[in-house]
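Comments concern the structure below.
Chain IDs A, B, C and D follow the sequence of writing; residue 1 opens each chain.
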């Protein structure tokens, strides 16, 4: 079998995710940047809240990219599911190159029928709040 | 006078621009990526149409960034308004570094009361169509 | 409709493409590097012939990546199909960033049921020969 | 004596290593990316297993490159053989630049007659398994 079928998120799906994440941030009274990427880590949509700090732009995009490339939520679990110590977390981040692995929460893969079809990254609030916002976005799919 | 007032586009303004640009692209039956940046060239919003090619992501962002940083539409006019030949166009692009100057159409500054407050970059259609879509977005502000 | 179905090449498919491209290069008595990437431009497989020059490594990878991201063969046609002059070709290359667009032959998209599922990039021979080798690889799919 | 003889791995040797490493990964039921580089750290061959996560691509290549450049297995031993603490491990990684030194297992030099002629890097399983796969590949030489 030389090819296999796969799934992707449509523009309509992307809009639902983005709006639900923005609504969640608003309801939590936090100010964030939100990035959505496809399964290859390429940007699909992005929105920065009024007043969000500028470092949240690359951080939200890196979180989304990390969650897509590793197919796991960002954090100190390794891609294969074990806890990483500080050295391991930073060493794999450096090995993967700039903007590819993020070892704190806020990036969450979008999974459809067990397949990773992209990811959402949020930056600007506490990192557990960032993750909650990303999850709320994905729940709207 | 040691400080001066400035103008910026709000999230509501950004949404109007993005929606108007998306509507324009749809009415022209073209498939594009649209990026909106602030006056410092930092991303405010981004949307990729269903089916847009992946190189349109960095190109739309670079066009928006170029128009914001030079405060001029992207193209073969120099930032100070003179026509550039091929060497000049590519030399200034290389001098400014990756993704900072774009010398073909599709990036348009957002000007309010004579002040550049950001820019819109579009990629995916013919470059004159890209520019038209960016202008339609800005007209909605 | 929030998701849509898609296609990907399996490892078995990738191996067929790589072997057919290597066989073609051998039959042409040329020495090359061959890269195969997925639809997001991420490496699937790579092989460098005995004696191939080292610059062929990044060039083959960039050609494959370019053909995947633009969904077009590499060359001086723009992604939307028009002929580009020297300035346009180099300007879009710089706008897209390092290793993303290549404006000479040797990168060819892999298309299945009208959908781009990846690409092959070849470097080391004359660029028309590079393209021929990539096409021979894809024909084996 | 102004020149000296050197040894290199041929394409046939590279293929043996790659196939033996792929067979080992299969027998261990793990899904990985495998990179083989020459003594200068330049890619010779690469294969990504069906379903391997995308961050394994740059990580496998970085591990192979690190083992070739330091002529030592990747890990927290310094290139001169002493144990490094966390700061030393990350500091030398940053000093060497992106993708040049990796301080966890999975990159193994290929040594012939006491001379480093290249390296194998594996990513995707637990890092000790990655190393075992690289070693199995090299054993086939």
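Worth pointing out:
To be clear about the criterion, contacts are C-beta pairs under 8 Å (C-beta built on N, C-alpha and C of every residue); 3 or more make two chains touch, one makes a residue touch a chain.
All values derive from a computational prediction rather than experimental measurement.
Using the contact threshold fixed earlier, the set of chains in contact with both chain B and chain C is A. Greatest centre-to-centre distance from chain D is found for B, with centres as Cα means. Over half of the residue numbers at the chain A-chain C interface are used by both copies of the sequence. In terms of their C-alpha centroids, the spacing between chain A and chain B amounts to 26 Å.
Distance between chain centres (mean CA atoms), chain A to chain C: 29 Å. One inter-chain figure worth recording: chain B and chain D are separated by 43 Å, centre to centre, where each centre is the mean of the chain's CA atoms.
Multi-chain contact residues, meaning those touching two or more other chains, occur in chain B at positions 54. In terms of inter-chain touching, the protein chains here follow a pattern that is not a line, ring, star or complete graph.
Contacting chain pairs (ordered by label): A-B, A-C, A-D, B-C, C-D.
Taken together, the chain C residues at the contact with chain B in this complex read 40-41, 66, 68-71, 79-80, 82, 86-88, 90-92, 94-98, 100-101. Chain D meets chain C in the complex at residues 10-11, 14, 40, 42-50, 54, 57.
Those residues of chain D that touch chain A in the shared complex are 53-56, 58-59, 62-63, 76, 86, 89-90, 93-94, 98-99, 102-104, 124-126.
On the chain C side of its complex with chain A, the touching residues are 1-10, 12-13, 16, 38-42, 112, 117, 141.
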